[in-house]
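Next, two complexes with chain A in common: one pairs it with chain B, the other with chain C.
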Partner chain A sequence: MKARALLGKLWSWFWIVLGVLYFFTPLLATFDFSLRARKGMLTFLAYEHIFKDVNFWRTFGFSLQMGFYTIIVSIVLVVPTAYWIRLRLPQLRPLAEFISMLPFVVPAIVLVFGLIRVFSGPPFHLTNTFTGTNALLVAGYVVLTLPYTYRAVDTGLAAIDVRSLTEAAQSLGAGWGTILLRIVFPNLRTAILSGAFLTLATVIGEYTMASFIVGIKAFGPYMSLVGQNKTYESSSLAIISFLLTWAFMGLIQLFNRGRAEGQLAGAR
Partner chain B sequence: MPFHRSPRDARQARPALPSSWKNWLGVLPFLLFTALFIVLPSVYLLVGAFRDNAGHFTLKNFADLFTPSILSAYWVTIRISLVTAVLGGLFGFMLAYAVTIGGLPRWMRSALLTFSGVASNFAGVPLAFAFIATLGRTGMVTVLLKHWLGLNLYDRGFNLYSFWGLSVTYLYFQFPLMVLIITPALEGLRREWREAALNLGASSLEYWRRVALPILLPSILGAMILLFGNAFGAYATALSLTGGFINLVTIVIGSQIKGDILYNPGLGYALAMGMVFVMAGAMGIYFLLRRRSERWLRR
Partner chain C sequence: MSFLTLTNISKSFGSTDAVRDFNLEVEKGELVSFLGPSGCGKTTTLRMIAGFELPTTGVITLDGQEITHQPPHQRNVGMVFQSYALFPNLTVAQNIGFGLEVRKTPPAAIKERVEEMLALIHMEEYGGRYPYQLSGGQQQRVALARALAIRPRVLLLDEPLSALDAKIRTELRLEIRRIQQALGITAIYVTHDQEEALSLSDRIVVMNRGRIEQVGTPTQIYNYPATEFVAFFVGQLNVLPITDLDPATSSCRLGGQLITLESVAVEHPLQDTPHLAIRPEEFDLGPARQPDQNQLTGRVETLIFLGAIVRLRVEVAPGLLVSVDLFNSRELNLPRAGDEVVLHFPRHACWLM
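Up next, the complex of A and B:
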């Protein structure tokens, strides 16, 4: 029996070692490559170039801004809706869940195709102005992250007794605005924060939608452009973007205290 | 993803919900937004797919999907999604197994989940860069294999910018997704089930074959379908890795958006609708499987 337990452990270790190798080799290779901008020595030159590039900061700032707008629109859209459905329209829950899963069925490239065709022409003409284009991008991002945002908020609401809290607040004289701002939002802090950082992690380097709607203004298309022209700088960008993803995920874990939920997002 | 219910007893003592048409105003913004930005674009593509260049109704666009180059685009996309879903699914399952039931130290479980959260979100342009630095012609692994083992990957027919190269790259975000989805299912396997099986004289293998796997199978297949969809819709990774020189449906749609390379807008819409049909089918199967798996994992 002991030999068998040992064998089982070896089996587990085998897969873990394979996993560690597969996970770290590309990172190591990329990091190594990013240090070789000058022949024969290891330097952080490629990083210096990136950090001195005005376009890096400009595009990164732009995408960060789009990320913030996406988070705000998502919260304003999803939290009151999910709350209201739990409180007053429980029969609507399956429909809302279904709608929030639709972005899984419509891949980003198809969605952006439709968005451009619908909103660039009459009667919307959204792509004629900068504000309009940015708004279209934010709307696309809200849709893209909807499955995760909705599920995070809905799970958060399940953990509190929405009806009792509402009735208690009402009996103390609170209106709907007060209930949302001072009861619902604080109770959903964890769900909202982890949803927000997941949104940021998804949006910052997003390429598919950004490249078609706003083009080179966004960080994803910028990275792609660097990749076409500069070899070492592209590796340093990959490392920077990896560290960013790590930071966002670390923050989510901090809020969730190690639970696995909240980290699931789709590919781009 | 089990369904959560709040306690019922207190509710039943309460008066019924006030029902009024005003209740619907509360969900109006959400319904409007999703109608405008999900339903409307999809319907636009759907309607366009049934129109010819003059604007008349036609089924020809869908018939044209069955031309060799488009069929091959679908076939390659489906194959790459299947391969990475199955391989990523198996690999992810093994890793999740190792840290949950496999008897490894507890801290490795949270470490693996953290890594998986990061890696499953590390996709697109930077992922392509990372794999070019690893397995490209001058990539570290390519060079090291040549130095140490005298093995030249590119002479042996490997190419990062081809089907298998893309698959290896996709696996980087596929297997961590599997870990994240399947770990809760593995943790839902009760110790009692195993003990009961062993007490009844089953061997460990028999326990897995006749108890654990049948319980887990819907979850595993369901997770693999999510992985399939994940790869099926991927665009940025493939584009920046191959520069668009691989015939995937997403890449063809991308070129069609930029400048009608099919010389027929309707055909482009039909192509996009084809993706939606495949995804709708996959998600349909996923929900059936999820209902089956929840029967056992409900706590």
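Up next, the complex of A and C:
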């Protein structure tokens, strides 16, 4: 019996180790390669070059800004919609879920050509100005990240008794604005944050839309350009983008700590 | 004019009639329970009073004002939900003060009212806690305080104790009644638990399939059920086939044994093939001691000890079982399964259905 338990434990560890090796070996190899910019020694020279490159900071700042706008627009659009569907139109949930999944099915290249074709001509002429072009990019990103934001918000809504909370607030005299701002948004904080960071992580590294709408201004096309021209720097950029993603995931954990339990337990 | 009036209320969802021809007048300070099985329309009626559902037809007036189409947030009606519906992101004090905050009440007045409400529910120390840090009973107390904090014109309670365990349910039931009477607030209480309705209410509205079956005080409902449904739904009831019904002598035979009824009961049979109806607790062990008592002989089939009550099933004729509830006491000499017993019950305790 004891030997069997030990065997089971070893078997579990075997799979864990295998999984870790599968995920981390390429990463370690990339990291090792990024440190070999100078022959015969390990150096952070490639990282130095990247951090000293003004285009790195400019493109990263731009994509960060676009990510921020995307999050704001997504939240304003998705939270009330998902809330209303849960509350009043539950029969539309399958349709909403299907629509939210479309960006996984429709390739970004198709989406971006559609956007440019529709919005660059009359009556919109969005691509005639920088603001218009950026707005078009944000709109594209909102669609592209819809699976993450909608799923996160919808899951958050499922964890709270939306109908009872809404009716309780109504019976206490609250109108729709108060309900959304004081009850719905605060109770979806965790879900919104998860969606927001996933959106940010997606937008920061996004290539297709950015390269067709704003070109080299965005971080995705910049990474691609570096990858084409600078061998070691491209590896260091890959590591940096991994670290950024992990940092965002860490932030989600940090913001959620001690809150998730309270939100879920209190919702019952 | 009554404080709360529902006139010819009906509600349909598609082709389903959830509530039909509902008429009710509730006086100020009264606690009226809506009692009925699941799907009988009691919660739908409550939700129409709250404003969460619009009646298909009919008019609702509250304190002389028609509120049929008024949005819920303008009705000043407090509501307590089965699921408590406390705001998870707010503390107990913030939950209680929420309605006052929405009304732009000055902070000092909110603080004072919150403290008053916390004292009312005996939870003065819990103001700073979050809902998830409270037990179910405590959460429902807070929900009650939150609904009362706004000084509602009517308090609506939608099965507020259903999610709680039996002991807490009994305690909180008494507390709800105490608070309702202390504040003199008009309340509508929805429940499917007859014991809850009987113990709490000034009046009970028994509902079935969207219609009112009977409105009356708990004793009226229990002792004088107006319909077969009420008789069956409220309390336990033996419904036994009889033969040889003789209206002249107000008598009949139950499993061959002679039963005499009060004549008035014979004049109002509810079915063409009458049955004898009698509550299990009307029986007592032993032969009839007075001339106005009936006597039945039978054999004990089962005996179930329930603490305060001992429930017997007595076969008074082949295949004819009678349920008998005896109050337990130390002196009670309990029969055993298979023993022959003699039962007696007063004539006025049985009626024909």
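By our rule, the second predicted complex is superposed on the first by the 230 of 268 C-alpha atoms of A that agree within 3 Å, B and C clash if a C-alpha of one lies under 4 Å from a C-alpha of the other, contacts with A are read in each partner's own complex, and residues count from 1 in each chain.
Heads up, the rule we're going with is that contacts are C-beta pairs under 8 Å (C-beta built on N, C-alpha and C of every residue); 3 or more make two chains touch, one makes a residue touch a chain.
Treat the numbers as computed from the prediction; the structure is a model and nothing was measured.
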### Message
Quick check for you: in the superposed arrangement, does A:94 touch first (chain B), second (chain C), both or neither?
### Response
neither
### Task
Would you check which partner chain A:173 touches, where first means chain B only, second means chain C only, and both and neither mean what they say?
second
### Message
A:40 in the overlay: touching chain B, chain C, both, or neither? Say first, second, both or neither.
### Response
neither
### Query
On chain A, which partner touches more residues: chain B or chain C?
B
### Query
Taking the superposition as given, does A:161 touch the first partner, chain B, the second, chain C, both, or neither?
both
### Message
Output check: A:237 vs chain B and chain C. Expected answer is one of first, second, both, neither. What do you get?
### Response
first
### Query
What is the contact status of A:122 with respect to chain B (first) and chain C (second): first, second, both, or neither?
neither
### Task
With the two complexes superposed on chain A, say which partner A:186 touches: chain B (first), chain C (second), both, or neither.
second
### Query
Which positions of chain A sit in both the chain B and the chain C interface?
161, 164, 263-268
### Task
Would you mind writing out the residues of chain A in touch with chain C in their complex?
160-161, 164-165, 167-175, 178, 182-183, 186-187, 189, 261-268
### Of chain B, residues touching chain A in the complex
1, 4-7, 10-11, 14, 17-18, 23-24, 26-27, 29-31, 33-34, 36-38, 40-42, 44-45, 48, 91, 94-95, 97-99, 102-104, 108, 110, 112-134, 139-141, 170-173, 175, 177, 180-181, 183-184, 204, 229-237, 239-240, 250, 253-254, 256-258, 268, 272, 275-276, 279-280, 283
### Query
What does chain A use to touch chain B in their complex?
4-5, 8-9, 11-13, 15-16, 18-19, 22-23, 25-30, 32-34, 77-78, 80-81, 84-85, 88-90, 92, 96, 99, 101-118, 139-140, 142-143, 146, 151, 155, 158-159, 161-164, 198, 201-202, 205-208, 211-212, 220, 223-224, 227, 234-235, 237-238, 241-242, 245-246, 248-250, 252-253, 258, 260, 263-268
### Message
Under the stated contact criterion, what part of chain C meets chain A in this complex?
### Response
50-52, 71-79, 81, 83-89, 98-99, 102-103, 130-132, 143, 146-147, 150, 156
